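One structure is given below, represented as structure tokens, and several questions about it will come after.
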Amino acid sequence: MCLAIPARITARTQIDPAIDTAQVDLGGVSREISIALVPEVAVGDYVLVHVGYALSTLSADEAQETLRLMAEMARLLDNDSSTA
Amino acid sequence: MCLAIPARITARTQIDPAIDTAQVDLGGVSREISIALVPEVAVGDYVLVHVGYALSTLSADEAQETLRLMAEMARLLDNDSSTA
Amino acid sequence: MKYVTEFRDQHLAHQLAQTIAAEVDPSRSYRLMEFCGGHTHAIFRYGVQQLMPPNLRFVHGPGCPVCVLPMARLDQALALLHEYDVTLCTYGDLLRVPASGRQTLLKAKAAGADVRMIYSTQDVLQIARTEPHRQIVFLAIGFETTTPPTAVLLEQARALQLKNLSVLCNHVLTPPALRAILTPSLEHAMPLDGILGPSHVSTIIGTAPYECVPRDFHVPVVIAGFEPLDVMQAALMLVRQLNAGRCVVENQYRRAVSAAGNLRARELMARVFVIRSSFEWRGLGFLPDSVLALAADYADFDAERRFPVSVITAPEPSGCDCPAILRGLKEPTQCRLFGSACTPDHPIGACMVSSEGACAAYWTHRAYLAPTAAAET
Amino acid sequence: MKYVTEFRDQHLAHQLAQTIAAEVDPSRSYRLMEFCGGHTHAIFRYGVQQLMPPNLRFVHGPGCPVCVLPMARLDQALALLHEYDVTLCTYGDLLRVPASGRQTLLKAKAAGADVRMIYSTQDVLQIARTEPHRQIVFLAIGFETTTPPTAVLLEQARALQLKNLSVLCNHVLTPPALRAILTPSLEHAMPLDGILGPSHVSTIIGTAPYECVPRDFHVPVVIAGFEPLDVMQAALMLVRQLNAGRCVVENQYRRAVSAAGNLRARELMARVFVIRSSFEWRGLGFLPDSVLALAADYADFDAERRFPVSVITAPEPSGCDCPAILRGLKEPTQCRLFGSACTPDHPIGACMVSSEGACAAYWTHRAYLAPTAAAET
Amino acid sequence: MTLTPLSPAPTAPLDLVHGRIDLTHGAGGRATAQLLDTLFKPAFANEWLAQGNDQALFSVPPGRLVMSTDAHVVAPLFFPGGDIGSLAVHGTINDVAMSGARPLHLAASFILEEGLPLADLARIVASLAQAARDAGVAVVTGDTKVVERGKGDGVFITTTGIGVVPDGLLISGDQARPGDAILINGTLGDHGIAILSQRAHLGFETVLQSDSAALHGLVADMIAAVPEIHCLRDPTRGGLATTLNELAHQSGVGMRIHEAAIPLQPAVIAACELLGLDPLYSANEGKLVAICPAAQAETLLATMRRHPLGTQAAIIGEVVADPLHFVQLRTRFGGERLLDWLTGEQLPRIC
Amino acid sequence: MTLTPLSPAPTAPLDLVHGRIDLTHGAGGRATAQLLDTLFKPAFANEWLAQGNDQALFSVPPGRLVMSTDAHVVAPLFFPGGDIGSLAVHGTINDVAMSGARPLHLAASFILEEGLPLADLARIVASLAQAARDAGVAVVTGDTKVVERGKGDGVFITTTGIGVVPDGLLISGDQARPGDAILINGTLGDHGIAILSQRAHLGFETVLQSDSAALHGLVADMIAAVPEIHCLRDPTRGGLATTLNELAHQSGVGMRIHEAAIPLQPAVIAACELLGLDPLYSANEGKLVAICPAAQAETLLATMRRHPLGTQAAIIGEVVADPLHFVQLRTRFGGERLLDWLTGEQLPRIC
């Protein structure tokens, strides 16, 4: 559930005073989204976009850490299999 | 101005209480018209129809008389020319 | 078709034509104005003029409700569409009539305005009842013939307490127009010898309103039906009055017109409408007491009150000779735009749009016009 | 695509699969429920199940907002369209979901109802502002992820004093559903060994609300991202907890989910919504305190108040096993309508419509289903 | 896990009683395929459609080909004497036949509006198929699109036809010559007035039927009898007056038409009087104007009258030299008037 | 009175800057004639249209003919990489070419909505004419109707094409055989996503362009190199997935496709991720699926890659025996999934 996709903030915009918006880029696709839920975002941040809203910012460090952990889990086995 | 055409009342109708209507026939074409302006019309009468309203009833006697007069005017000449 | 076919008989027409030819006085001319576009239409459609002797000419009058509607009133209807997004209902005749800048209701419709062609005021009632959320404005035009149906609509609207129906009223009166035509003016070079009186207007107003014409202007009137034999007989009746030096109102169209007209319709009009003190006619200018407005009891249904718009009165299109043509002072072929810039496909004046307009009639019969027609008059 | 492509790496996937295969205890089985349809979708789309050892089975949970919406709520939306001629805005996901009598919003639209597919609640705001004469109703569905955008809309509507906007609220809460799933019942024959916790719901609510699961039900939870490597890593984390006899909430999806979630969004939800005391979920029945309704300050924007309709609660379609499937008690292939009367082209239950629905997922992967799958469980 | 497939996807049958076209029917997926398989393919069944490709492959006899296309947008979809389905066949077959060609094949392209009752669509498709069978042509290829409610008007059907022209014929709008006779195969204005009678707000009733019919059989007889025919054209939109002006313009000639010779149904005359219309500008869908050398006119007339679609055929006028290409009408009353091109639309009027 | 005619009717020029289509343009009278004379005839100018009849007459070279028709209903009318005018040419030419035929002639039928800016119509007609010229086909006949505002959507264009199939070819959807290779000429989903990006409420921006193009030149090269091609089809509405299912069904075979081999533009992938769509169900207007014996696959691939419309051509899978006609996809991730027919419409979704 809840289709959401990471996208990079490329600009803060405010076309309509009733709406806090930003422009995001996702692999060459750009769209205006609402940042009412994460007003603190800055250009360059990655946010999770769901139904035209940024839900949260993505942590580059945590992403790295997760990938590192995965690689470690896999490497454990690589080591195992290389030793097997 | 004021396109109007003689048509024969074939039935009194009253589909809508707000509107006094009658069915007319004109050479095989029938239509519902308003008779608000000539409520006294009876089935068989000829009325002049304009923008979906009967404007007046047509007098068969007067029509005959007009045609008779025309024929007379024309005959006068026929006689003239036959004597010429 | 009873009461129609009999009055289009070709044989009788030729005999009547011969009678007229025999009776006209070759030493004078007969300029007979057919007030109504209905007569104009019949004259052209059936080729009645061609059957007449050369010294009897039909002169076309202003009796076309489309032709006499000033551009400013169409501009007002367009402004009302534009500013209030109403649903504007009107007769098909008006859709292609040019307003300022060659705008038309048809073009406004194409650009998104809600313009509906209706056939009867009962259609307007129907629309207002089935679309309660829309404001429905009926753009009403017409002489006394077309006025009672608008009055019926207004009575119904009041009885049903419809809050979404109003009328932009442009109903005009025949007698003031007739008087205006006949009032001598500097430009009025060539006087009229007789008047073919309206047929269907007269079914409503009767024959009495025309009595002023022979009395005040010394021009005979014959109320005439719209079929070609009616026109021819009426022409003969006028010739006979003129030859005999008589000058009265006669009624050729007795089968439909009585002296009193349609009393019920007249009462209804008197109840629903009042006479405007002044109103502009295209061609005839501002005529006093010539146009109807909604009576006080019906003021709530007056579109001009409900949807005020300010329209800068548009000047009539430059070069268009409609004014002179509507007064019988010029023929369409004398207009320098006729057939060049102005054709029924791209009309400049209303007289080129209405199938009763003199310009449209001339255009449609252009094959039969002498190129010297302009010089003739 | 950063943060996406890395988590779909085929090489890493195969290594992780080998690690899992190496670490699972062959003497036991691992029944891991992915609560979210997002996980279900990833598992099928990337063939994650096929990479797992045979004793590790993913069990599909009720985390699809479309699937758990009871038919009666759709009937209510349809009744509202029918009785009040409103403009109903909703997400594309709902258009083909069957209501009573196989009616759908798409069919209602075809029959003339004003149904608009929107992508964002900001589109709803836009529609309400540009069409002031229409009553705009937003049919809101979704878990905590999708709820804050509705809250933003309601705050904007109130600030702008929009009189033509209201919300038919069907926002549901994850924790009560999780509890319902885990509460032992007579029918609940096969217990779950672990839970893959929601990814995007958790970005809003954080990790704390899941603490009750290990505490009260002795089932470990790993909050997992929606990419296939996320799912695999989370599965491995659950396997390790189970093998080690641990039972806690862990967070695999640390790049997007914090312990506290999105505080601003949570505050906003608390301001705009209140918890309904009881509400029916398709499959799970009436769950206490599981659904949101508009708070008193926003009562004016509540479509249920503005447009009261009486809907006879429709019985779920007979033969449809959605309820059991949503609780993890049955697999879609065990429904006797699966693939015969019920397919995505002509769905009977919501689980066959949503691309996150278990039945649709199974159908789309029917080529890979053993015909004996029904017998297996 | 064994990869044993289940049965291929079944679908619930189309509800041809209460169902409506929705957007899924136009998306190109299984709903589209079901619509085609249920409604269109069985109705049109022929070897070329059965090829199942996005185009039909066929051999043509040697000779010259003609091709013609028409979009059909009539409202209402069903009218006295026909419907949009049969009209779509007749409209295009007639344009093909007006070259003297024998119609071979039709392509039919449908634009359906969301909300269209499937029952209506089924009737229309059946009617189109029947009309094609009656005319001996096959609908060999087609297309179906669905547009959102409010972006269409029920159904639009564009048909395109091809046909083979026998050697030696030279029938074209530019072949009229002064002295030629002008013929018509029956009463005029029936279709236009029959359609108008169905418009709710005009609301008049008549026994009038559209004259919608395929004319290629009549044309074949005419060509057999008088291969020297110069022009054939069907006076559809814009009516006889418009078609005569087109032909006069194209051939650089004038025409004189005799109103008294033009066959008209009384109800058409009456409806036109009522609404201020002219039947000579009203549409026909089963009529043709034929122009041939005067010497063959009586032969052609006799041939036409022998055909069921020409029993009321008449010689209505003659081609004359006229550098201004006027079409003139001698009225029943004895006057002359110009039969001009249609200006704007023919609208009901009050004056 | 002498009967001296005045000059024939002049008309004011069409206002191609501010003017709009109104109902008179469809009435068949002089306004219709003016529209055709001003806008359509000069744009399409060719000897067949110049015949001025309601049908075009021409000779065809000996051989088998194909005929195909498509209604084009795209919104918006103008989109990155094309417009409805060029699309209407490409869409039909491609269907003709997919039989291996050389396209000959087009018929074009327009349904215009009242209110359409004449400037837009002029652009569309010019674009259609240019696309036809570029493709070496002539628009030999046509039709124009006008519908009331709210009963159309700007412009609908139905084009019908005919073409000649060289002797000896047998290219048809039923000719795929187990073992055959499946090829594509470039990236998928570009048209569908480019169109979607223009829908106001989705409002995303990309550099994506529609791939709209006429493929008959590519096809000619392919046939010259590999006359044994079994199937050609353009994966338009419903995308690659739908076309493969159609072909599998028609030939009674299964297919195995390799996701990693399918060329996709990054922006297409990204837009699909954003909206929850699948690029393999997204429409293409300049792509073709080719199926040929495995032995010729590399030759065909090399030929395609040499053509400007095939630089990114790829072998994407193979035909297999499968009584259930499944199209299976080996994913980039290494799993298997079914590439089923499109269900309903592809709609943006939230879950």
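We call the chains A, B, C, D, E and F, going by the order they appear; numbering starts again at 1 in every chain.
The working rule: a contact is a pair of C-beta atoms (placed from the backbone, for glycine too) under 8 Å apart; a residue touches a chain by one contact, two chains touch by 3 or more.
Chain by chain, the UniProt names read as follows: A, B = Hydrogenase expression/formation protein HypC; C, D = Hydrogenase maturation factor; E, F = Hydrogenase expression/formation protein HypE.
Nothing here was measured: the structure is a model prediction, and the numbers come from that model.
Engineer: Identify the chains adjacent to both chain A and chain D (Hydrogenase maturation factor) in the sense defined at the top.
Structural biologist: For chain A paired with chain D (Hydrogenase maturation factor), the chains in contact with each are F, in label order.
Engineer: If you apply the touch rule, which chains end up adjacent to both chain E and chain F?
Structural biologist: Looking at chain F and chain E together, the chains touching each of them are C, D.
Engineer: Going by average Cα coordinates, which chain is farthest removed from chain F?
Structural biologist: B
Engineer: Could you work out which chain's C-alpha centre is the most distant one from the centre of chain C (Hydrogenase maturation factor)?
Structural biologist: Farthest from chain C (Hydrogenase maturation factor) by mean C-alpha position: A.
Engineer: How big is the rotation relating chain C (Hydrogenase maturation factor) to chain D (Hydrogenase maturation factor) when the fit is done on Cα atoms? Please round to the nearest 5 degrees.
Structural biologist: 180
Engineer: Between chain B and chain E, what distance separates the C-alpha centroids? Give it in angstrom.
Structural biologist: 38
Engineer: Taking the mean of the CA coordinates per chain, how far is chain C (Hydrogenase maturation factor) from chain D (Hydrogenase maturation factor) in Å?
Structural biologist: Roughly 71 Å, centre to centre.
Engineer: Measuring centre to centre with CA averages, how many angstrom lie between chain B and chain C (Hydrogenase maturation factor)?
Structural biologist: 21
Engineer: Using the average of all C-alpha atoms in each chain as its centre, how far is it in Å between chain A and chain B?
Structural biologist: 83
Engineer: Would you give the residues of chain C (Hydrogenase maturation factor) that are in contact with at least 2 other chains, written as numbers and ranges?
Structural biologist: Answer for chain C (Hydrogenase maturation factor), listing residues that touch two or more other chains: 1, 4, 37-38, 50, 64-65, 91, 96, 106, 119, 123, 142, 146, 345, 356, 366-368.
Engineer: For chain E, jot down the residues that touch at least 2 other chains.
Structural biologist: Each of 3, 5, 7, 9, 23-24, 29-31, 266, 269-270, 273, 276, 324, 326, 336, 340, 343-344, 349-351 in chain E touches at least two other chains.
Engineer: If you look at chain A, which of its residues touch at least two other chains?
Structural biologist: Where chain A meets two or more other chains at a single residue, that happens at 1-3, 5, 26-27, 50-51.
Engineer: Please list each pair of chains that are touching.
Structural biologist: In this structure, the chains touch in these pairs: A-D, A-F, B-C, B-E, C-E, C-F, D-E, D-F, E-F.
Engineer: Could you pull out which chain E residues touch chain B in their complex?
Structural biologist: Per the touch definition, chain E meets chain B at residues 197, 203-208, 266-267, 269-271, 273-274, 276, 349-351.
Engineer: Per the contact definition, I'd like the list of chain D (Hydrogenase maturation factor) residues that touch chain F in the complex.
Structural biologist: Residues of chain D (Hydrogenase maturation factor) touching chain F: 1, 4, 8, 10, 13-14, 37-38, 44-48, 50-51, 64-66, 91-93, 95-96, 106, 117-119, 123, 126, 142, 146, 228, 344-345, 354-356, 363-368.
Engineer: With touch defined as at the start, can you tell me which chain D (Hydrogenase maturation factor) residues reach chain A in the complex?
Structural biologist: By the definition above, chain D (Hydrogenase maturation factor) touches chain A via 1-4, 6-7, 12, 15-16, 18-19, 22, 36-38, 63-65, 91, 119-123, 125, 142-143, 145-146, 148-149, 152, 156, 159-160, 198-201, 203-204, 226, 229-230, 233, 236, 252-258, 262, 264-265, 268, 356.
Engineer: What residues on chain A touch chain F, complex-wise?
Structural biologist: Result: residues 1-3, 5, 7, 26-32, 49-51 of chain A touch chain F.
Engineer: Looking at the complex, which residues from chain F come into contact with chain D (Hydrogenase maturation factor)?
Structural biologist: Spelled out, the residues of chain F in touch with chain D (Hydrogenase maturation factor) are 201-202, 266, 269-270, 273, 275-276, 324, 326, 328, 331-338, 340, 343-344, 347-351.
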